[in-house]
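The chains carry the letters A, B, C, D, E and F, assigned in the order they are written, with residues numbered from 1 in each.
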Amino acid sequence: ITTFAHLPYVHCLANESEDVEKYDIAILGAPFDTGVTARPGARFGPTGVRQGGIRIGAEFSWNVYTGRNAFLEGFRVVDCGDAPLTFLDNTIALKQLDKAHKVISGRKANHTGYTVPRIITLGGDHTTTLPALRSTYHHWGAVSVIHFDSHIDTWDPEVLGGGLSHYAGVNHGTFLHIAHEEGLIKNTSIHAGIRAPMANKKYDLKNDKACGFSILTARDLDKFGTQGIIDKLKERVAGSKVYISVDIDVLDPSYAPATGTAEVGGWTTRELLTILDGLDGIELIGADVVEVAPIYDNPGETTVLAAAEVVHSLIALMAATPVNALS
Amino acid sequence: ITTFAHLPYVHCLANESEDVEKYDIAILGAPFDTGVTARPGARFGPTGVRQGGIRIGAEFSWNVYTGRNAFLEGFRVVDCGDAPLTFLDNTIALKQLDKAHKVISGRKANHTGYTVPRIITLGGDHTTTLPALRSTYHHWGAVSVIHFDSHIDTWDPEVLGGGLSHYAGVNHGTFLHIAHEEGLIKNTSIHAGIRAPMANKKYDLKNDKACGFSILTARDLDKFGTQGIIDKLKERVAGSKVYISVDIDVLDPSYAPATGTAEVGGWTTRELLTILDGLDGIELIGADVVEVAPIYDNPGETTVLAAAEVVHSLIALMAATPVNALS
Amino acid sequence: ITTFAHLPYVHCLANESEDVEKYDIAILGAPFDTGVTARPGARFGPTGVRQGGIRIGAEFSWNVYTGRNAFLEGFRVVDCGDAPLTFLDNTIALKQLDKAHKVISGRKANHTGYTVPRIITLGGDHTTTLPALRSTYHHWGAVSVIHFDSHIDTWDPEVLGGGLSHYAGVNHGTFLHIAHEEGLIKNTSIHAGIRAPMANKKYDLKNDKACGFSILTARDLDKFGTQGIIDKLKERVAGSKVYISVDIDVLDPSYAPATGTAEVGGWTTRELLTILDGLDGIELIGADVVEVAPIYDNPGETTVLAAAEVVHSLIALMAATPVNALS
Amino acid sequence: ITTFAHLPYVHCLANESEDVEKYDIAILGAPFDTGVTARPGARFGPTGVRQGGIRIGAEFSWNVYTGRNAFLEGFRVVDCGDAPLTFLDNTIALKQLDKAHKVISGRKANHTGYTVPRIITLGGDHTTTLPALRSTYHHWGAVSVIHFDSHIDTWDPEVLGGGLSHYAGVNHGTFLHIAHEEGLIKNTSIHAGIRAPMANKKYDLKNDKACGFSILTARDLDKFGTQGIIDKLKERVAGSKVYISVDIDVLDPSYAPATGTAEVGGWTTRELLTILDGLDGIELIGADVVEVAPIYDNPGETTVLAAAEVVHSLIALMAATPVNALS
Amino acid sequence: ITTFAHLPYVHCLANESEDVEKYDIAILGAPFDTGVTARPGARFGPTGVRQGGIRIGAEFSWNVYTGRNAFLEGFRVVDCGDAPLTFLDNTIALKQLDKAHKVISGRKANHTGYTVPRIITLGGDHTTTLPALRSTYHHWGAVSVIHFDSHIDTWDPEVLGGGLSHYAGVNHGTFLHIAHEEGLIKNTSIHAGIRAPMANKKYDLKNDKACGFSILTARDLDKFGTQGIIDKLKERVAGSKVYISVDIDVLDPSYAPATGTAEVGGWTTRELLTILDGLDGIELIGADVVEVAPIYDNPGETTVLAAAEVVHSLIALMAATPVNALS
Amino acid sequence: ITTFAHLPYVHCLANESEDVEKYDIAILGAPFDTGVTARPGARFGPTGVRQGGIRIGAEFSWNVYTGRNAFLEGFRVVDCGDAPLTFLDNTIALKQLDKAHKVISGRKANHTGYTVPRIITLGGDHTTTLPALRSTYHHWGAVSVIHFDSHIDTWDPEVLGGGLSHYAGVNHGTFLHIAHEEGLIKNTSIHAGIRAPMANKKYDLKNDKACGFSILTARDLDKFGTQGIIDKLKERVAGSKVYISVDIDVLDPSYAPATGTAEVGGWTTRELLTILDGLDGIELIGADVVEVAPIYDNPGETTVLAAAEVVHSLIALMAATPVNALS
């Protein structure tokens, strides 16, 4: 019975009327991958990341870099298991995930000075970020997104998939466009690690900017160093609540082979974790790690080990800076 | 540039008005796997089976058991490549596949005494059999299906997936039910190799029978021997045109690990090929090999080698017995 | 949060004084592999077998061969998770496992006419059978063991490991000798599938017989057929309570590569499951599947799929024939 | 420092004038694979088979079927390591291997009543059998070959490769033709397990017969049973000295995925070992196991475990029946 | 039917007298690996690199770093499939490859202001560069080679292999020596990424220099940075036509495990692609990516993804700077 | 018969009274992994590292960075094979390893001006360093340890494992604590590459310091560069004899997936080798490479290639600076 980092399993997804143990930070699996355009398999992401996290545990987590133990900062971190999602109809599945987020974030937090529990989603393909942003909007209003990815994911549904049908237009390459249209995100969002090609410079970049994003490419890291990247990210989102979405393909395939649309020339795990830890102090109200598809992993579990440590850093960022919901 | 068994590549999918090289038996890839309920990956099936077939070639195919070379019986066998199918909307994808079958089977055959080309589909998940049966119906009317599978695949869409939405009800476990409802198959169809569990004996078996099927289980082979199985299959479909659908999971996972819903306790490749070769003489008007998901294969390519040899046997059955379409 | 076959997770291992949900048949993981002499890795066996069982579920388990659904025969089957076992000291670990068995079998059963819950252990290396037999002895007295294995596992601790130290003498090749010495098993026990070599014919076989065993080799199946094997097994244990221990290496490495001391020339999964299902009617009071080491498995999970189906058959045997404990 | 079955390593390949420890049966690695037409990798065969044999050892080898320990029958079995072979020029490499056989078989045997040591070669691709047959010819004259393979390997160098150049004509599909032309084998040789296709029935079979072979196909086993196959093999070679060559592709790819030209529909390991053990009594003067290419093996080492056990059976056949060289 | 980056397949290898569709840049597979000294498998390189390139396509290739789409710069890029090469005689195979280059580069280019098509070869072992250089010599005279590799590959045939025979001397470690002797390359060539050991400092380096090369080691990158490396490469080849040969083992085995003679301590993909893109402006008249052996790749296809992106960058360099042949 | 880098195999482990060939630097395998707390498998480390080293050889080892050939500096380097170690009782096994070190280092060196042979141990889990340090203490007294690892490994046996039993307290996380208590190491030791979490900052770090260690973290490399790390290491151990222990998990899992307790965010192979080569000049009297568990390696052998090159660098450090034992 594997939970992330041996966290207590709480049946957070029980009927809203039913009482469950209280919590502050909730891990939620979103086993979904029928919104992808290339290699499927992210439906096994939550199981994979939990497997990658079996070597992490509250009693042995004093961090040599930050000097803190994310699990012992006064917040109760729990694993809520996986949202029940169908693989047979995306429309239904996303509604099921909306519901799961609503139920989990709708319970009263465990910590006294902090009212709404925060959620870290384990994808699933990147489409699963959309229900998460709908949920954070409900409690905190529009947020700035720090989006680690090799792809921009703001493509217009009319362009990517939508030519076929409305159904096809909601996918892992368009969800940020839709989030923008639904008013869930602010114009101070930012991509980091971008390197995948685009269809059309003029249109894609203009559209991306219209969705509220600026861009840091993968090779920008060679220009600015990790500290430079940290500074630029913090500057961009200064003054707003922040949602961090980590598409594991921001890492190079050497570090994260187990993903659907791997792009070579990416960041190393040491670089990504240094950057994440450097974001200390931002008001992080939600986060996710998505696009982990363990069936493509190395026998040594290279990818899921990296993904689990990313989740660990995200928990630490939340634990370092409590955030109250809109009253 | 890999084609199955180094067959000539013909652009059969060109616009119907465009002339292409003639053919009698056409290999068609159907890279589709968004109709599955478990492990995805069959979208890479056509590529995998072609890879498994690179050691087969017309100039070196005199068969030690049948004493014949399937490629030199007077029929032109070609590879048409893959149908262009979207992964983002099943409804659209199945229409795209209907179209592909229509175009390919709609051209005039190469052989003078035999008017309609026959198609062997490389799946893709089992849903891809539905467009194939629609196509054979158009040319030959309702057919008897010999269905090699560990699963019955006649589940009612209302039961398997359909509770969620109509969209969800069309999938790799219901396609035979739908085929029956559309009148594409006869009441003299038969399953072989069945061993997967059912939801409800009474309902499932009654429904299966209503769809036109009788059942041979995997362990029936131990009772009757390969010759006994051959006799029962031939007897069941006697007098009708036949479509053979081979779900690779009819083989034991030891022989075919690379599939989405593997069931242990299956047949060996030697058993399956002996049975297929024994069906010599039936009027085979269409066939497929489906549910091959190469990402789960062994380094030695165990599954795709087996799947390719099954395709080889299917070509041999077609080449041995020409069949004319309805006039 | 993966349990075997999606069974409810019950915290059976809670303190004896604490009330938990009732159950009749309990799955217990025993993640232990420091008693092996060759390739380690069985500590991940319980996780692996549960992973292999995710496609099994109560609502879809009507068996085409037996005509029954093992989960719907009136007994409550649950998953108790894993016993907490140290990897650093075998003596302590086996005591921890003794304790786990005692606690789990010590609770009152759920079913009214049947007092003691029965346990199916997921190993772990074969040493984990020893605590299981101590537990069944406590409730049912000495039992006949049907031992499916390529190895006899009755070696004298003085011979296998014991020359080094007493500590070393308790291992996966000697546990049946120790069980015999502790009086836990009857002289009507039997091995099935034996093919591994021995050190010394005279001594080994004499010692094995003294431990209460007769032998059916792997190739005996070719001589007697599955029905012959079933008859001989039933005859041998007639009139006694029975414990079934399945070392997954009874299967050929083609079917179960993921094990520590694989021996070629073994049985197929179809053969093993036919034999297990044929044992219907015996009074089965405990069982296990051991020596599954998933790190050696094929990408398609060949071994854990087979192991999960063996567990399924063992549950069915228990569900078919309730047994009361000694009063 | 891994030797086959922990046998003593003897530097048999030292200069002929140099004295080395005596032996009766010698294991010799032939790491060579530039004579193949498909997937290379057999150059790692000797290392792989030794790795597969690490669980075998003289002190623990009493066989449950034969009732004997092949290592304790009075003959000294040793491992001579690998012949030094270049990968850059086949002509040179085969001469190097001729030399290695000459040196190893040229020393005086250890056993008093038996003058010439016998060699079991670990290939290497099948071309490595040619130098072995030259060596046995030197000591015992022309022999009958029992050739386990899915391919006949008697193709005419003019047809397979030779159209290009003489150099190309010496390969793993023509070596038996060449052996016949050099007069090394008798007209009472036999293939077993054949199933691969041929180029041309008339020519290939006529040529095969001219080379001295009759054929048992893979499916003949279903017709005659293992005992029937044993009887036919013994009958064919009755009265002559015998060389056994086992191309590992005689096994089904499920049992031996790690080979260059795998053919589905093959034998199981249980079947092959039963047949080999049944050949007890023949005068076996040389043997080999070839075409093992470990880079394609399963993580659980399925193929090399099987290959090692085949070597074990070959040693047992030699140990059971000493043979004197021509005087 | 997989071509590189979904490029049109043109039958460029048709008889010279036969007309085919016109092209400017041609991808050519050279499936050859019998010139290697270590792990074979590069014969599957062309298929592997094409597989790695299936996510690349002209309609979605606007590059975020260069701001250009290599496929839309006015040149027609096509895939010519694989040259037919025998595995049984290197001498013949290299002649077959000479012929293929001659035919493909001998056709009139599609672009009006630019007469000779340029070829990017997908190896195959590094020996395949030799026929490519013979072909570029014919059209452009002697060229400077930028050789990315961990090995120098200028060994004297007399030293590496040639001691055995002339045949053995032509291999993947000597081809640059031979190219020098044939006068195909200029004395302004340069290696980059060198780190493999040498036999003898004095001789090897002197000989290397005599062949026209200077050296940048792998760790030189730490000293000079990517821009420093770019500057040194451009300076070295200034004023001459350039051929770029990328042995994939220039990357660290973490980034490119699937190669025959992997050397640890190499470059990352981000570093290599930054350097390649920085060479913008050179007159590139031919290029290759060699030594990709997919059988050693990770399940996530780490190596072939990297190799495909290298090919993409090479196409971009060609598309950026047209070059006319000698008149 | 594979030795590291084709070194001569010497039977160094023969009875002390028996004469064997002389040597100066000895490779010793320590196949032991029952002291681990997570993924087992390091018992196959020695075989794996030797396999990784087959491409290294004395006749081809002129290093492009150091300008030297470690095998031709006047010292005789040999492979002693593996110490015979039981897997069934750690206490016994460590005594067996003590004995092996004593025997191998107890023979007279081959080199005239240098009396005691030095040993490089191939682990095995990290516990195997303890017998090595006992052995170096005997000849050279207490030493400074340079410990490359992601973990500190100085945990108190009472804390890590010892709560259970004394037996459990001796393991791969406590061996440096025990070495300190036995007086084997000096207070000028240092860790490099640390990044794994700790249980308790105050206690763990105080205890670590008390054991004689200072710490360089993995990310310190980004701060100081490789030259900075080299300087700090040399400064710390200045004036003492040095033992280098390389836990392969100091590398990132992308470079060394095949280990038991992989920690993401580690060093690259290029960084580690640059640092090791930079230590040139220290008085290195013993070294090891541990925690290599090949069963988790990539098909391309990523980890063992890296581990073998680390061994190569360690040999070079020893060959560059001879050290005399205490008289």
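The working rule: a contact is a pair of C-beta atoms (placed from the backbone, for glycine too) under 8 Å apart; a residue touches a chain by one contact, two chains touch by 3 or more.
Since we're looking at a predicted model, the values are computed, not measured.
**Q** Using the contact definition given at the top, which chains are in touch with both chain E and chain F?
**A** A, D
**Q** Look at all chain centres (mean of CA atoms) and spot the one farthest from the centre of chain E.
**A** Here the answer is chain C, farthest from chain E.
**Q** The E-F interface: which of A-C, A-E or A-B repeats it, judged by over half of the contact pairs being the same residue numbers?
**A** Of the listed pairs A-C, A-E or A-B, the one copying the E-F interface is A-E.
**Q** Just how far, in Å, is the C-alpha centre of chain F from the one of chain B?
**A** 57
**Q** If you average the CA atoms of chain C and of chain D, how far apart do the two points sit, in angstrom?
**A** 40
**Q** Where does chain B touch two or more other chains at once, residue-wise?
**A** 252, 254, 268, 295-296, 298-299
**Q** Applying that definition of touch, give me each pair of chains that meets it.
**A** A-B, A-C, A-E, A-F, B-C, B-D, B-E, C-D, C-F, D-E, D-F, E-F
**Q** Under the definition above, what is the set of chain A residues touching chain B in their complex?
**A** So the residues of chain A in touch with chain B come to 33-37, 39-41, 43, 86-89, 91-92, 161, 164-165, 167-169, 171, 295-296.
**Q** Any idea which chain C residues touch chain A in the complex?
**A** Touch list, chain C to chain A: 1-3, 9, 47, 51, 79, 81-82, 295, 299.
**Q** Going by the contact rule set out above, which residues of chain C touch chain D in the complex?
**A** Residues 38, 194-201, 204, 215, 217-219, 222, 252-254, 257-259, 261-266, 268, 295-298, 303 of chain C touch chain D in their complex.
**Q** Which residues, counting only chain F, touch chain E once they are in their complex?
**A** Contact set of chain F toward chain E: 55-56, 59-65, 67, 69, 226, 252, 254-255, 268-270, 273-274, 298-302, 305-306, 309.
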